[in-house]
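Have a look at this one.
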Amino acid sequence: MTVIDLNSDLGESFGAWRMGDDHAMLDIVTSANVACGFHAGDPAGILRTLRAASKAGVAVGAHVSYPDLVGFGRRNMDPSSAELIGDVIYQIGALKGLAAAAGLAVTYVKPHGALYNTIASDKRQAADVITAIQAIDPQLSLVALAGSSLVAQAREAGLTVIPEAFADRAYNADGTLVSRRQPGAVLHDPDLVARRMLRLVTEGVVETVDNRMVRIDAESICVHGDSPSAVAMARHIRQRLESAGIKLQPFSLPRTA
Amino acid sequence: MTVIDLNSDLGESFGAWRMGDDHAMLDIVTSANVACGFHAGDPAGILRTLRAASKAGVAVGAHVSYPDLVGFGRRNMDPSSAELIGDVIYQIGALKGLAAAAGLAVTYVKPHGALYNTIASDKRQAADVITAIQAIDPQLSLVALAGSSLVAQAREAGLTVIPEAFADRAYNADGTLVSRRQPGAVLHDPDLVARRMLRLVTEGVVETVDNRMVRIDAESICVHGDSPSAVAMARHIRQRLESAGIKLQPFSLPRTA
Amino acid sequence: MTVIDLNSDLGESFGAWRMGDDHAMLDIVTSANVACGFHAGDPAGILRTLRAASKAGVAVGAHVSYPDLVGFGRRNMDPSSAELIGDVIYQIGALKGLAAAAGLAVTYVKPHGALYNTIASDKRQAADVITAIQAIDPQLSLVALAGSSLVAQAREAGLTVIPEAFADRAYNADGTLVSRRQPGAVLHDPDLVARRMLRLVTEGVVETVDNRMVRIDAESICVHGDSPSAVAMARHIRQRLESAGIKLQPFSLPRTA
Amino acid sequence: MTVIDLNSDLGESFGAWRMGDDHAMLDIVTSANVACGFHAGDPAGILRTLRAASKAGVAVGAHVSYPDLVGFGRRNMDPSSAELIGDVIYQIGALKGLAAAAGLAVTYVKPHGALYNTIASDKRQAADVITAIQAIDPQLSLVALAGSSLVAQAREAGLTVIPEAFADRAYNADGTLVSRRQPGAVLHDPDLVARRMLRLVTEGVVETVDNRMVRIDAESICVHGDSPSAVAMARHIRQRLESAGIKLQPFSLPRTA
């Protein structure tokens, strides 16, 4: 039986500000990338999300970021290795602590935003993130962009890597994502997206912007939940996969603390 | 053989700003209260301090604070229970993560500044701190003001409590600290302070501001390291205690992660 | 012809997080209390709000706060006088700068959240806020809770004070607000609220929780815009007042920079 | 009579953390680049520095930065134009407000750290900083790296630009600074540095790392004050220039608010 994981960014409210619909998404996804306070997430709010994830039986990962609340971690920065290693360990540790309080274990790490994009190709910052994970807990998996150099780099370093595809993004012929600055980079038709993801899971391929097929080795699919239509698309993807007999399951089973 | 612990606040630099002389203090104290980022301490700097503590064989505790960098955690705040519980767990978790990267285990929690003073008597916020510690790791000890209501409150809740005395502070006849707003609240003579601490350790008493004796049940002595004269006073206290045959030892032995 | 001002809190988004509907409210109110970055508001977002206020012909005031983003300025703090004076001047200055870039002058100051409540009765912090306003620009008016001791204190110090009433709050017989912890403290019926405000403007009285009348000397009415129903209530109040021939007008006319 | 300005970074303490010796430097320099809270400086501390600058008759400029306290504004970031424009206006406004409270007018802007280096060549971010200055106060001068493309870009936009040289930095043959990553980039001999600066002021040239002469059109010299030896070097430079009959004077006379 074919199995796939669905992951999404959760816990991204901050103080009085709400973002996303964590409760709706916890019924859809199997893995929750939980904000750690550097781009989003205050401790009390993170803990609420973790408790809800625990109830929902969803696996949790540390969604680590550059320290940039006002920029939501979407702006490039050039921290030193010591700074980046420290920041990543700090965030994972904080989330592990809150997860323990919710009776959960953190099972993976997924870098967020600009850090995610940077380490897909920047070997130095990628090495720092790998070093950080190994320093705090080498059992943690790393979720990384399928096809990026990070996948091999982290595996060579000994980490378990979970390559992921993006449900609502167009792909180039070389398996890279079409830049958001290009027209057509983001897909909005839930039915099209669901069909693409079904094909990805069953055949391992995605149709590219120029109507070719590209092989994508993904063990998880990233879906969004930051708007009602995003939640609806995520739900649609899940239903389509389940209707086709695919089993939705976290790549690492959720563990109690 | 009589045994006592010496603790001090470390890791209180922040980014480009230095505070205290962590390396000097790690030769003097047996327990390091390490800042967790809310009143002081950036992750890379905290990690440096933890590695130095590991080398020095000093036990480490989480020096948790209200979220107030600009006020150095010295200003009263009134967080809700959910906020305070979340903040304390987050900080302990972050420090546990960085300590693990340094090969160390965090063995205790000592609240900082305004939070320390508040929970010495505020039962609600005290209960929140206790709840937070038990939620993340009930094996952690709590360092609390000797004679405060927090000592009994935390023990009743099941925590191991380490009551502490302050080396450079004057005491009232009821065992409370003379307020810093009173003249004579802070003692500056290293020799006098060292003699007082020797008597505390050997006889369990401290002379009060009105020349009486008060019983102080302390298992640790807090010394400061935020100026060269503070470091010198701390060193003097240690030497005096050692000369009298007292063994300096952390109340919880440092553990590897 | 009777004239009244309607004020509301605007510019309270922060980075990627949205709060309130500034554009809707700018069609309703005559004065906008604009966040200054300490409880909400990032510079780019504040500037957008100020430009929209400029187009709408709405007067703008500095909505100054304790430095507490994660707590949205709603938590009590005890800054020193030097800290509070500095913080208030800094925020007013920042808003004056952004307003100048939008072609506007800031005409008043309204403290936010916990600071607003504290200085309604705390003379020391009130004096600090007054000192700050006079140090940067003594022409700025201060919006204060009608009936509070702050009104007289600030007038004695030479400031122009605009006492305000709260549209959706119940009043005690002594003219104070019913605490939010009491049932019935917040009113939800737009029609009732609009009738109360009409009576306030025309007769200078409000019906209290125990069905008496209390005199409220208000030159502005605070309305909320943080939810669609709040926006609808604010619109209803405005329409009711206008239907009764009341002129809606800022207490200080908006000025260009 | 030849005239030159000496500028230095001041107001860089933050809360409980001290940096530099503002009082010593205010006796040496003629222009103070005052931190605005984004890389350093809390409002109360900034106000203290501004009051001391007012007493010392030193001109003050806004030392604007990327928002990065923990990185002290030394890390590259890629803010959007809206973000950068907003951030720069906000900081200038905040400093103008605090300066007004100290009876001073801000007369110039000097970007700090990574922002300074970036806009020396990045035209987009440079344009954003220019836009921000013109939006809040086009009378403000801009201090920029002598020889950088920013000098011409800002002058074309209509700003008064003050090109500056760095006293303790080695220069390449093309007039650019030797990168700090190169050996010999920073000069430590106070006497050598003072002689170089005297020649710069009297002849308009600096000796390069490869022993040639390069023309540097500088109207201000940047000196540092972040260590006792830096203060001593700055004092030495001033004395040497004065002994040679050079008049030390701010490029813009300090103005009262």
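In this document, chain identifiers A, B, C and D correspond to the written order of the chains, with residue numbering beginning at 1 in each.
The rule we apply is simple: a contact is a pair of C-beta atoms (placed from the backbone, for glycine too) under 8 Å apart; a residue touches a chain by one contact, two chains touch by 3 or more.
What you see is a predicted model; the values in this text were computed from it and never measured.
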Which neighbours do subunit A and subunit C have in common?
-> B, D
Identify the chain pair with more contacting C-beta pairs: C-D or B-C.
-> C-D
Distance from subunit D to subunit C - Cα centre to Cα centre, in angstrom = 39
Centre to centre, by mean C-alpha position, how many angstrom separate subunit B and subunit C?
-> 43
Touching two or more other chains - residues of subunit C = 42, 70-71, 83
The subunit D residues in contact with subunit A across the complex are 67-68, 70-71, 75-79, 83
Interface residues, subunit D side, partner subunit B - complex | 13-19, 40, 42, 69-72, 74
Of all residues in subunit C, which touch subunit D in the complex?
-> 37, 42-47, 80, 82-83, 85-87, 89-98, 100-101, 132, 135-137
